[in-house]
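First chain written, first letter: the chains are A, B, C and D, and each begins at residue 1.
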Amino acid sequence: MIDKRYRNAAEIVAQCPGLQDGASLLVGGFGDAGVPNQLLLAVRDLGLTNLTIISNNAGSGDGGLAALLKAGAVTRVVCSFPRSAGSVVFEELYAAGDITLEIVPQGTLAERIRAGGAGIPAFYTPTAYGTPLAEGRETREFNGRHYVMEMALRADVALVHACTGDRWGNLTYAATARNFNPVMATAATSTLAEVRQLVDHTPPETIITPGIFVTRLVAVAA
Amino acid sequence: MITPLSTQDIARRVAADIVEGAYVNLGIGLPMLVADQIPPGREFVLHSENGLLGMGPAPLPAAANPDLINAGKQPVTILPGGSFFHHADSFAMIRGGHIDVSILGAYQIAANGDLANWALPGAKLPAVGGAMDLVAGAKQVWVMLAAHVAKDGQPRVVERCDLPLTGLACVDRIYSDLAVIDVTPEGLLVTDLLAGLTPEALQAKTGATLRFAQNCRVLRAT
Amino acid sequence: MIDKRYRNAAEIVAQCPGLQDGASLLVGGFGDAGVPNQLLLAVRDLGLTNLTIISNNAGSGDGGLAALLKAGAVTRVVCSFPRSAGSVVFEELYAAGDITLEIVPQGTLAERIRAGGAGIPAFYTPTAYGTPLAEGRETREFNGRHYVMEMALRADVALVHACTGDRWGNLTYAATARNFNPVMATAATSTLAEVRQLVDHTPPETIITPGIFVTRLVAVAA
Amino acid sequence: MITPLSTQDIARRVAADIVEGAYVNLGIGLPMLVADQIPPGREFVLHSENGLLGMGPAPLPAAANPDLINAGKQPVTILPGGSFFHHADSFAMIRGGHIDVSILGAYQIAANGDLANWALPGAKLPAVGGAMDLVAGAKQVWVMLAAHVAKDGQPRVVERCDLPLTGLACVDRIYSDLAVIDVTPEGLLVTDLLAGLTPEALQAKTGATLRFAQNCRVLRAT
């Protein structure tokens, strides 16, 4: 019987394929909505080093991502908007030169991850053409308009936060806590999901992330 | 003494130009004010790039749902007819030309429509968010300026931007506290001018050559 | 008030922007599931000529697409699988040389349409590399693997079949009658939807096609 | 008299090789038989490229739902844990390497894994469907041959395909009525041989050089 459920966050990250020093992690969430905070704390407790984090923001307050950063586990961040009211931990590490940062336009970030999950190695986008964020990128003209070539983005592990999950790994999301989570779930070697509620069965028309994309899941307190 | 438009006046003027049924993305900050100035009886649909169409006003604090936020990470509501979707789908909407109007703030706008609105010199931490995608993808890009010139008196509307660009030749219209200006293939065309302000006075506060529409309208502060 | 509902199939196709001689049409459906048969019959009744149809199959029996073909309205078909038990009309026209055919692998067809709706002008795919269907295509190596460059596919009009629709154009689908319909809805200048049931309001988490993609909709008998 | 495997025998042998929890796409025709041979107690998830995971057996005719069909356009059911999605998402699953095993029929398979299974010389009407996407994207591609040689006695397993290719070097394993053959970097390796058939006899029916595993297993017809 397929059963992807784990008992707690410590178990779900233990012996997770790809989750090791130097790993890249896709981390869902936008602002404080839909961030897999419990999984991030469990990863922090593994004591890993030299991680790359790919996420829209760079953590705020002392939540999961900030805690992982504070533990010194992360040396590189790929994101669209690291600056926020509470992004103190990241800002200090960045100012100290302890973390490198790659800024990617938000839609290009989402599309590069989508491409990574969809077997598309590269695509063209009009976004950022002629701006500093396209420097060094290959460009090309189609029908008189200029585009930048962007490469797919995948990671060793994706950490996602969902509303409900079932034993097959099918996920639903709550409102805008959906954000990057469904695309990130598709683009990693292992996808770990924390869900607020385990359910016996998810109506098939309502599933946003089919279980095929989810390696393991765990219920966390909402 | 000539009274410039208030930010509410500017927002009201912008809202008046949005047609019934339009799909509109409001940038963080000043553009958000447009949501409160929708003319009675006119329905348009607000898009928030974090995965929401049909964005409604902020809830009462007690009713705030942390899962339901806007691109500025503030609690919002969803109106009847609204929908949720993931980030790749949201930016497919933007990049694919489905958003009728994107309204943004700006540091500089050039006479050819180049826009600089994401990076200031000496900023400690770069951050771009979705601005580059919005200006590349929306059918119309409108810029709102709370003040026609910067605090140090330097014009924001210039011949060429010297700040890092957000997009090339992307701005269609500028709304400031002094004027409404269309970006046309023949250059900047003032369509609305503040009551009591002479064309020469506006030109003196503008770093690029202005033309004035024959039937130039009058803007009045309230 | 936004209201995209039309009273019947004849009304919905009347004066539809882009629906004219020589137009290209995206037509949803896979086999007999999710085919917009009533819209196809309404288009047939317009007496148009020289249409291009982009659809997974090429019609069967005397259903909507076969009827449109039989009327002599179509001179070009782009599809992945024109051959089926009942594709008699198409086969006769093709054998007589009255219709040209472009065969596209099914996943490439879906992705090209998705790209068309998402503002991606071109992308790379491993599908069909080294086969006759990639002949003449530009190829490129990424990380030691070979890929074919494929171009976005858009049309003047998309015809889709959905389960429910509301006045904003939000759509849901039934089971595998979803198929190509949601992607096609995003990739046309005008998208017309036939729905089995009009509803006052669609729960936002259940919407598959947000109304932004739908120009007009009409209720048809199931 | 040596009895070759029946198609049911072949399907049973294939099913035995599919591990618990695998995501499997079954091509139209012969591969469909595998669904009925799943060993008791083993759960794997069938993918149908028209937008369905968790495909179940055919319904009774009276219970058939025309909206719920498989890639062969036959009525099917959906099992608990299943989900629906649109065509672009379905082929993102395929192209993105999320399908563990794709099982297809074939006209020819070359010693290097090249596959020809979509076009025969003199076919009146070309049609490709999803085969090229499946062989390019699935982690494992297995081919089923109801008969090791074609009706005219020509081998189907050959040094080089002369029919139009579906994909290059994509086949991992061949299941025929006479043998199971792995496609390895060193060429074809027979891992299972029909009881009573000599290696020389199999080689005589094969158009490419075979090697035989040291611990070659015995296949028995039922």
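Couple of notes before you dig in:
Rule of thumb we're sticking to: contacts are C-beta pairs under 8 Å (C-beta built on N, C-alpha and C of every residue); 3 or more make two chains touch, one makes a residue touch a chain.
Just so we're clear, the structure is a prediction, and the values are computed from it rather than from any experiment.
Taking A-D and A-B together, the pair of chains sharing more C-beta contacts is A-B.
Farthest chain from chain B (centres taken as the mean of C-alpha atoms): D. Centres computed as Cα averages put chain B at a distance of 35 Å from chain C. Averaged Cα coordinates give chain A a centre that lies 30 Å from the centre of chain B. We define each chain's centre as the mean of its Cα atoms; on that basis chain A and chain C are separated by 33 Å. Across the assembly, chain D contributes residues 78, 84-85, 91-92, 94-95, 136-137 that each touch 2 or more other chains.
Multi-chain contact residues of chain A, defined as those touching 2 or more other chains: 111, 114, 118-120, 125-126, 173-175, 204-205. You'll find the chains touch as A-B, A-C, A-D, B-C, C-D. Across the complex, chain D meets chain C through its residues 48-52, 65-70, 73, 78, 84-88, 90-92, 94-95, 119, 124-133, 136-137, 164-168. Residues of chain A that touch chain C in their complex: 111, 115, 118-126, 140, 142-143, 145, 147, 151, 172-175, 204-206.
Interface residues of chain C, counted against chain D in their complex, comprise 30-34, 56, 80-84, 91, 94-95, 101, 103-108, 110-111, 113-114, 125-133, 146, 173-183, 208.
Across the complex, chain A is touched by residues 20-21, 23, 43, 45, 47, 53-54, 78, 80-85, 91-99, 136-137 of chain D.
Residue ranges of chain C in contact with chain B, taken from their complex: 1-2, 114, 116-120, 166-168, 170, 186-187, 201-202, 204-205, 207, 210-213.
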